[in-house]
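In the two assemblies presented below, chain A is common to both, partnered first by chain B and then by chain C.
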Partner chain A sequence: MIEEKFDAIVVGAGMSGNAAAYTLASRGLKVLQLERGEYSGSKNVQGAIMYADMLEKIIPDFREDAPLERHIVEQRFWMMDDSSHTGMHYRSEDFNSDRPNRYTIVRAQFDKWFSRKVREAGATVLTETTVTELIQDAYGKVIGVRTDRRGGIVHADVVVLAEGVNGLLGTRAGLRTPPKPETVALAVKEMHFLPQEVIEARFNLRGDEGCVIEAAGTISKGMTGLAFLYTNRESVSVGIGCLVSDFAEAMESPYALLEDFKRHPSIRPLLEGSEVKEYAAHLIPEGGYRAIPELCGDGWVMVGDAAQLNNAIHREGSNLAMTSGRIAAEAIFQVKSRRDPMTKDNLILYKKMLDDSFVIKDLKKYKDMPNLLHTNSQNFFMTYPQLVSKAAQNFLHVDGTPKLDKERETTRAFVKARSRLGLIGDAFRLALAWR
Partner chain B sequence: MNAIVKPAQDVRVEDKLFQNRYLVDAGRPHIKVAPHETPSAALLALTRICPAKCYEQNERGQVEITPDGCMECGTCRVLCEAKGEIEWNYPRGGFGVLFKFG
Partner chain C sequence: MHIVVCIKQVPDSAQIRVHPVTNTIMRQGVPTIINPYDLFALEEALRLRDRLGGTVTVVTMGPPTAEDSLRKALTYGADRAVLLTDRFFAGSDTLATSYALAAAIRRIGETFGPADLVFAGKQTIDGDTAQVGPGIAKRLGLLQLTYVSKLGAVDPDGRSIEVERRAEGGTQVLATRLPCLVTMLEGSNEMRRGTMADALRAAREPIVVWSAKDAGIEDIGKCGLRGSPTVVKRVFAPTARSEKAALIEVRPAARDTADALIDALFTRLPKLEAELIAAQTA
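And now, the complex of A and B:
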């Protein structure tokens, strides 16, 4: 296919792959990026929220031409039971700054833009090319890739595995194990189109302001899961995701779950009259710190979802992807500048730099959360949302019952559902995992 | 409290997939189910949890796949590849689902 040898091959054109390819090419390295989709972005699925700070570190003036939807001024977290939601909302005029911190984006459009930047930086981007195998020498060092193009072997000093959550190539080459059902969530989402002014009226927005709703509770039917609703300029992304192991055990259909969420009385009016233009599904790494595979070896580094770098608690993924891609590229550039070989001993610099960044620090902080939420999913996603809803209703329903009696009734409901020891234990375990 | 949400078991995934763009690699399915007499619990679960409903039981109770509407998420691989119940690959370059929005 291509006779020449590259400094680096980047497999995949998602957030981490584009960040790596852009950074490498900008530093003057000879880069080949391979993407199996028709165009960069055509296989990528995200909610999607994009974090400005992490993109600024790669493309400082991205706001000039990146396709951004809305900057987020309001965050709502809803705890839901079947007929209610108890909400925590935060909205601030301070989010209307010159350089907003978070934006909603539409990935296919954003990725096309990012890919253009990668090409402009000097990388060769080859789409419609599926990498089928990593090529290793007799000592196991990765020296290139095999693609499904005719005669499709390409060599490079280092391969950046930005292949996404499934990590197919890494698994086949024995560099990692495949994701496990309890460490990945299956999320499904739909794109609902509505006129701009309707979105602005329904979500109390002006101009480019955006709103995000994240919701948990009985909507996931006892499974560990989260639903979301993000406002784009002329569309609303609506989705729900739960652990694959929970789906398999509960035998729930993901699209029926999404349909139930859309029909919830708190959500339905927000989507009324919309036109659905796409239905997508994707896996999300949820295993946290303990699920991170080896990040580098002889001739390769692993970045983004492929390295399971996703902060499930804060629902951050694309920023960890971009940052790991950038840092991997910077490490490779340093090794290259020293004219050192791309061995594990040298590439470990990437891991060291990542350990010092927010990426690993944050994942380490929440290392016990995935397990806690998974083993207590009935309590956290069914029992507590129902109790909280009942407590709120009890508090707000005025019927002549003395307030003291109402409070006692609420306390009794909590104790009855979880016992005093259970309540203390849940609070303690949560605090411990959060620490 | 009354549950006023009716379960959405009536929803047809075909209507959802109809919105999507695909380039099907005719005659070269990227996922195959290994021959079996009785499906395992995991294989059977796919008939419910595959988000594109690609897996269905035939009249003999065996699980079959038609991956035309596959969104390439990898759920079935995570559940069934390790035990050799399915063979899972990405479609050839350019084929498969093409997300307009993603």
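And now, the complex of A and C:
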């Protein structure tokens, strides 16, 4: 047994764990962070887009040395059917500010940097060390962890569970339930190497500028899902994700979806001549507000993906993770400064602070979205994309048909596919869930 | 017993990529590991220490980032780590490397107690020379046991050591006196998983960092590029050879298939036939 006791043990070195460990250590707490991977980032998978504002609140001058790929100046939303895409593009010179808002990153490199910051802040970081069990006292208060190393019990006043979406530890200790197939998405992605100048030419970029494509439609074969293509400095990340329950029901395999997406006539030319460097898969918590477990208890708090904090509608996860990690750390610091014990009654401060932040407010706003999209996935991911594509084609195809007839044809197609009542219902439900 | 283990941080050869455009090796972003042969040496040293008592000091020469490998060695259970780092060492070949490491080991002996045994891996996977271990032994005047596959009895009081050494056509059992230098082969043991206490110590304990001067090196001219008579003249990727598979038409009765195939082969490759016959008669 290790005699030494820590103020806090952080389990996991992803975005939330690093944010928590950094914030705790930089406020002078004695922190031990445990990570099962060879280094922070070795096991972490994300698209990945990083939101500057949330990182600035933790490390204000991160731009000085963080490994950032490109700052995003152009966002494309594509609604796809099998042969076309209907797109909404937004590009602005305003995104070329001194302090851009969004960056693409490569997690293996970014997390290594973040972990170095955590060490520099004074935390003790152990990698290749898996926490196997939370140690609880006779009253159920978490008092430490056991690891897979010999002599592995370490004690702490509070344990920050930043262990990621699977939440094995929290589940084993009865603090949460395992992820359900209908509340997690399985996303797969590939990194395609392309020379910098080819990326810049293909996506109309200069220097560090980046472009993001997010696409939905028939590419997910009627399942609730989203595909993406992000530009890094010398590579392009391309991926697709759908709910696990949908995969099971539709008997589709993730890699086959990704292959189809890559072969889509709108995507293929963007990837031409590239070399695949990396293939990765990851679960994403998509249950939204209703899937959030208890966030704290006696001697523990839960942050990031482990606490299901992910905004699927806005495709934001890492910023919720960072923010929850930071807020949990600030709450722990406040409790500690008052010399109060790390009980649930005191740690509830974390939940209160999180409720007041964008994290819970946003998730609450969309609390009905996951359910709506899931139960109506055929309409939203098959029927409408096809109808929209048809309408656009109809509009643009010049063949001597009077314009009025063309409009009627489009209207008829929508009504035929969904009925007037269905259309109104879908619009109403969508508006209600968005509100 | 004081055991010194020489390790080297090398790029993980399993993950080295060739740049698709320039055809050069992309070192950036390639993870580094402890040279795999050195791990067998380290584990053997740790086992000896556990059995006989004493301390294990790991030493490496390299850039400041080589600290990662030393910390890893501490995680496995080494007691002390020394990093020999100096810009004067840049560009060292095996001669200059063994000169610097020998000086450092001498200084380690003066500072932490004389070394009874020096371990090294047989060779590194990035240099493949197998020269640095013997080079150190020569400079320190140590007896050397190279290509060791197994350690036998080690008697620190009687100052003796017995090892098995892989040799052509068999195994040699060698005995000699301490102190000596041993270079280890692969597969002699399996690296342990360090304890929680070792991992904590490794994460926090300072590493001893020595410059050339700290290590007591007087002649800088024998270090780095200046002290290295061998230079890498050129690095290139071998050109890919592609030979098209040829279909050999053979239409024999089933039991003669092999004969017919050999006939067809010898017709196409007469030189091969001549060589095989020559080998047969020889």
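Throughout what follows, the second predicted complex is superposed on the first by the 433 of 435 C-alpha atoms of A that agree within 3 Å, B and C clash if a C-alpha of one lies under 4 Å from a C-alpha of the other, contacts with A are read in each partner's own complex, and residues count from 1 in each chain.
Here is the rule we go by: a contact is a pair of C-beta atoms (placed from the backbone, for glycine too) under 8 Å apart; a residue touches a chain by one contact, two chains touch by 3 or more.
Predicted model only: the values in this text are computed from it and were never measured.
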Touching partner for A:154 - first (chain B), second (chain C), both, neither: second
Which superposed partner A:129 touches (first chain B, second chain C, both, neither): both
Partner chain in contact with A:390 - chain B first, chain C second, else both or neither: first
Partner with the higher number of touched chain A residues, chain C or chain B: B
First, second, both or neither for A:195, with chain B first and chain C second: second
Touched partner set for A:229, first chain B, second chain C, both or neither: neither
Those residues of chain A which chain B touches in one complex and chain C touches in the other: 38, 109, 128-129, 147-149, 277
Complex interface listing, chain B residues touching chain A: 1-9, 11, 13, 16-17, 19-20, 23, 42, 45, 48-49, 51-53, 71-75, 77-79, 81-82, 88-94, 96-102
Complex contacts: residues of chain C adjacent to chain A: 17, 20-21, 29, 31, 75, 193-200, 203-204
Interface residues, chain A side, partner chain C - complex: 2, 4, 32, 38, 109, 124-126, 128-129, 147-154, 193, 195, 275, 277
Chain A - residues contacting chain B, complex: 36-38, 41-46, 48, 81-83, 106-109, 111, 127-130, 132, 147-149, 165-166, 168, 178-181, 184, 186, 188, 190-191, 235, 244, 247-248, 251-257, 259-260, 263-265, 276-283, 389-390
